[in-house]
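Structures follow.
In the two complexes that follow, subunit A is the common piece, with subunit B as its partner first and subunit C second.
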Partner chain A sequence: MATLNRADWYDIARDTNWTPRYASVEEIFPDEMSDAFGLTVEQWEAYDEPFKISYREYVAVQSKKDADAYSVKAALARANFFDKAAPGWISILKMHYGAICLAEYIAVLGEAKMARFGKAPGMRNMATFGSLDEMRHTQIQLYFAHENIHKSRQLDWGLKTYHTQNWAGIAGRAMLDDVILGRDAATMSIMLTFALEQGFTNLQFLGLAADAAKMGDYSFSNLISSVQTDEARHAQIGTAALKVLIANGKKAQAQQAVEIAFWRNWRLFFSLTGPAIDYLTPLEHRHQSFKEFVHEFIVAQFERAIEDLGLDRPWYWDFFLDTTNYYQHSGHLELWFLRQTLWWNPAGGVTPAERAWLEEKYPGWNQRWGRLWDVIADNVQHGRQDKLFPATVPMLCNICGLSIGGIPGQGHHVKGHWTDYGERRYYFCSAPCKWIFDIEQQRYAGHKSIVDRLLAGDIQPGTIDGTLEYMGLFPGERGDDADDYAWARSALPPMNDRSAGHADAAAGL
Partner chain B sequence: MDNAPTGSDARTGATLGPLKTWSYLAAQKRRPSEYEIVSVHTLYNNDNAQVPLELAAGVPMNRWYRRYRNESRLRHADWNAFRDPDARVYRSYVAAQDKEEIYVDGLLDQYNALGHDARLAPAWAETLARLYTPLRYLLHAAQMCAAYSVTMAPSSTLANCAVFEMADQFRWVSRVAYRTAELAKAWPGLGFRTGERRRWEEDPAWQPYRMLMEKLLATYDWGESVVALNVVALPAVDAGLRLLADSALEQGDPLTGFLLEAQLKDSARRNRWVRAFMQFAQDQDGSRDAVAEWLAKWQPLGEAAAAAYGEDLPGGAGRAATAIQAMRGLQDTLAAARAAAP
Partner chain C sequence: MQTLPLVCSFEDGCILTLVPVDTGATMDEVARNVAEHFVGRMLPPQPSKVMRVRLQGGSAFLPRQLRVEEAGWQPLTTIEIAYENAAPAANA
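For the complex of A and B:
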């Protein structure tokens, strides 16, 4: 008798539901933790995870992957990449670690919640691996970040961001808590694994991996590619759940869950990956533009995924596609302007050669965005320090936590979105964020953005320094221009030699 | 500025310099291990006791965390100070378990080549169908309980122990499933593969274990759940598994015996962190009182379960009392507060 194949016994390991007697099904699987859709345990037993792996295979494959990733890092440590890399790239690493490491850890808990409260044994088992995977991602990325911590205080934010009241930490928690731990296991399987992991992790992890490889940062490239191979497996938990839900008449509710989570993720991921790909990566190492990347890895793949399932495109799809033209540019400008509030140093990324690339990738970039950078460069050249920082605080969206903005100047199309609820008015960046709030107002009510807190007097002293300290940022870790404004000194000829248009730009700013 | 924590020094307005480690660990004034660098303080949802999640205070999950975790009677001033005595991290876990699984593969190959299953005594094969292969339901329940500990743990160092525990239980769900398929081939008429659920739901030998696990699954107070699972229920399960291993060896089934021994190695690792955790968690009187009450409530269920199962095994009646005595000793050791520890 030969040793058995996985297929000979796999189904037995996921035949683990039984009918409880000493506690009720409702006590063991309460809807609020288990399944807001209200399907029965028996209905969930049709769940069939598409990617099958056994524990034995898992530890064999994963220990090999870890050995590879850590040994590449060890081998390359002597190359001192961190000391030699372009400042913009170092900023990407700092931003990445600060935004991602502890977000992975919340997914450890999220996956465990599916492992406990999922009504389908197959989901519980796959989520057990998912939880392990996310622990791997937390730990390996913290380990890599920590390696260079003696070189920059800003790398402390690999562990610190989510423990602070930094606006980005608040925004990150608000998104993660809404789509992961704040949901029942069934809804989370859609929001975390289908919308976030299948929809968006490709963006940060494959998009940056390609640029990192071109940069020669093989350690980071290898690290995040390795992480993504795990995501590709456990991200399928949600696809199988959607099949069960749709087959049981829950398409509309599932569609709504997809739409909420896709939009929330887009709002955060564009702000991370967009500036990284279009501005911070050194020009000669750019693989493709952020827009090109989004269309290849998000739009095409996501459209295919929802079509395969029989779901519809989100109602805001045309608006979403349009935002792939400008969110990254307005976002980058905002991050650069608010650079003191960051734990990384944003690069301007607008030298003449970079502008030519941006114009090629985004026709009209100079007219729309370049002229704003002209004004900033002019202020740098003339030493107008006070104009290099915002004079007022930005309006922040009460759902996504990012600033309310859009296209400036002639194409200006910023619209106000708000909802009056309880005793106050909540402001939103976009129709989808307002839509999310309005679906379940009591879920989000009371949320205070950092600006709400400032205006309410929660932050004392309400000075710039006081606010930065409230956000956990002390001198020595606050962001500044990555290239010490060198781009601005070379970016344009002196004011009196320049073509018309800058006055408009100044007015637009 | 090296090793200066972020706090008071920063408020003097001085510029912070680079550190040798995370500012969170810099205060401990010693070089952190890899385990500490990647495991400590990675959980943020216990920073704000009143509003754990960045959502309205009244959303169900914020209420759940407040009620079942933050208001649990198991309290500690700084859960983040807990450390796993094995300092286990992901990469050492998968590397170590890969080696253990290679050993198990070797066992299965070796006994397979010997035609092991076909040579079992028919009565013992029936015993395996009744008292071994239904084990996957019990282990899966333990996997689910450990998963709950992960979601509710007040610190990452504790949650990580629970992640490994959850994975360990799934490991043995898988191996028992594997054996179920093998035994079904060798002994087609005994209900292997088809009869486990009914036996788990109806056989009197399993019912006290089933009651224990179902009641645990419905216990949501984080502290009670983690204590009842790790100090009471799993040691009670292990007592049964030890008796099963003894019977297997006696009945000419070394494979089952060796597999159970390999399984109990995972339990030994669990017991190390559980013991350290119980010492750590009972630094406060309130915690000690709560633990004592929970033990009084759960230990009778655990003993009844181990006894019902153990006494039903061939030769078990004579051994069960000793095994239960040993289990009590283990539970006492695990439950001991620091001051009472030997």
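For the complex of A and C:
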């Protein structure tokens, strides 16, 4: 029997906007779950998803993807890559699994909300597949993480992170709650699929898969490619939604949603991917700096996407571009000091050869961050263990949950921002995070970072061990230097030789 | 005497840190307390210079013998520890 081509039946088949008789449209699609912008069902019917696929096709493709990823994993299981890989790369794997596995599960719920409450039939259809995608991403990545759990308990954080009160877990949860679980379907389609997935993770996963292949980690490379190809599809949900919203006079609100989500995602993205690219990836496998990656992929792609839609660059765009020079460096330094609180082992990543690479990529690096690492290296060489850990906590932002960093060697380049609301002071890393809080103070009020919890006496005993246990980190899980401080024992040439020729460039950084 | 948590930056550092200080402490004692978390950990010592305290973005140092309880600060007040005669801060 001849079958119709998909294009001949798809629009009719997926158009499930029935006329309800037993409940009102408002009851079926309440604004707080469906559409904070208040468009009608009829207005949403203009939604045209760019990627059309039937369930039969979806299942066939996904089945093949799973078979490919699992078969490569099985074939390479005896190669013992995990035992032979560079410590920095193993740290990237642990960081990735802990940060991503259950974030994928939260995305399952987000996609499911769009599948149920999206007013556009096309959104509901794409999000149904999106939810199935994210379920697969959760399960397959947990499975891969579990493979080597007998070799390192830190890999258990693929399951643990978002169930603990670890400071990084709190930061991730707060972001995912804000852009996914705590938003209506229409807003979430912008914040999750346009800003987070299309803006960051889709491109990040492309790069990560390529890096893994270069490292010889073909199992992980195939896994990430398998995930990324799904993401490239369902990340398009938001673009189609933005077109509908802009066409119906909601540009200003849509612009604000994009700006909130892009900044929130940038703060978490740099904190993990920045150190991974600039410090943890073995030097011989680096092909570009984090800044180069961000500008070539994130910035160029995002600018093109918002221009195509008729949106504006976010108001903080120049500041954002400037932070690509330094966020990753201050963030890495802070993560290294806080290594006991992590589920991976941060590498110093500042051997003489690595410093030369950093100086080439970030002219002035030696004069700025290199001087700080000199002090740390001197403490390692002289056995001053107490100086290798912080004696207090860094201030954490009440929006992004991260520490507050700037450029060293420039007086007081790092600045705090705050808002007094209710009975307390809320603290922020930057003007954009303060801006997000001030848009809707009641929404964000009550957030308690680890710093707030220490100050409130929530953590008992308030000792380092007590705090680590509160964060769910037990012996065998707490991070330490990935290379056992070998980098600090490398002989360094005098500072003047390291920074020669870069002083002028540094002045313009 | 009570403990007051302050948010602190140190000249040429790159991180804001929470430092609890005694309300009876003088500004000189506050500066030394904050320095413990920066100098010798990630910043080289500059023993010949005098450390002073000012509010974030402030142009004037606070009197060296002023006590915290006299400064009118609330929890999470943000201060900068700078070396006297150092150039004014670049703003982020």
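As a convention for this text, the second predicted complex is superposed on the first by the 485 of 509 C-alpha atoms of A that agree within 3 Å, B and C clash if a C-alpha of one lies under 4 Å from a C-alpha of the other, contacts with A are read in each partner's own complex, and residues count from 1 in each chain.
By our rule, a residue touches a chain if its C-beta (ideal position, glycine included) is under 8 Å from a C-beta of that chain, and two chains touch if they have at least 3 such contacts.
Model, not experiment: these values are computed from the prediction.
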Joint occupancy of subunit A by subunit B and subunit C, clash or fit: fit
Taking the superposition on A as described, I'd like to know which of subunit B and subunit C A:Pro408 touches: first, second, both or neither. second
Touching A:Ile190, do we find subunit B (first), subunit C (second), both, or neither? neither
Looking at the overlay, what does A:Gly446 touch: subunit B (first), subunit C (second), both, or neither? first
Once both structures sit on top of one another, what is the angle subunit B-subunit A-subunit C taken between CA centres, to the nearest 10 degrees? 140
Output check: A:Cys433 vs subunit B and subunit C. Expected answer is one of first, second, both, neither. What do you get? neither
Given the superposition on chain A, which partner contacts more residues in subunit A: subunit B or subunit C? B
State whether A:Val41 touches subunit B only (first), subunit C only (second), both chains, or neither. neither
Does subunit B (first) or subunit C (second) touch A:Leu142, or do both, or does neither? first
Which of subunit B and subunit C A:Gly416 touches, first, second, both or neither: second
Rounded to whole Å, what minimum CA distance do you find between subunit B and subunit C in the overlaid structures? 21
Report, in rising order, the residues of subunit A that make contact with subunit B in one complex and with subunit C in the other. none
Quick check on the complex: what are the subunit A residues that touch subunit C? 326, 329-330, 333-334, 337, 369, 371-372, 374-376, 379, 384, 387, 390-395, 403-416, 418, 424-425, 427, 451, 455
List the residues on subunit C that touch subunit A in their complex, please. 5, 7, 9, 11-20, 36-37, 40-44, 56-57, 74-76, 78, 80, 82, 86-92
Can you list the residues on subunit B that touch subunit A in the complex? 6, 10-11, 13-24, 34, 37-39, 41-45, 47, 53-62, 64, 89-91, 93-95, 97-98, 101, 104-105, 108-109, 112, 115, 117-118, 136-137, 140, 143-145, 147-148, 150-151, 156, 159-160, 162-163, 166-167, 170-171, 173-175, 177-178, 180-182, 185-186, 193, 197, 200-201, 210-211, 214-215, 217-218
Can you check the complex and tell me which residues of subunit A touch subunit B? 1-4, 8-10, 12-13, 15-16, 18-24, 27-28, 32-33, 54-56, 58-60, 62-63, 66-67, 70, 101-102, 105-106, 108-109, 112-113, 115-116, 121, 124-125, 127-129, 131-132, 135-136, 138-140, 142-143, 146, 149-153, 156, 158-160, 162-163, 170, 173-174, 176-178, 181-183, 442-447, 469, 472, 474-477
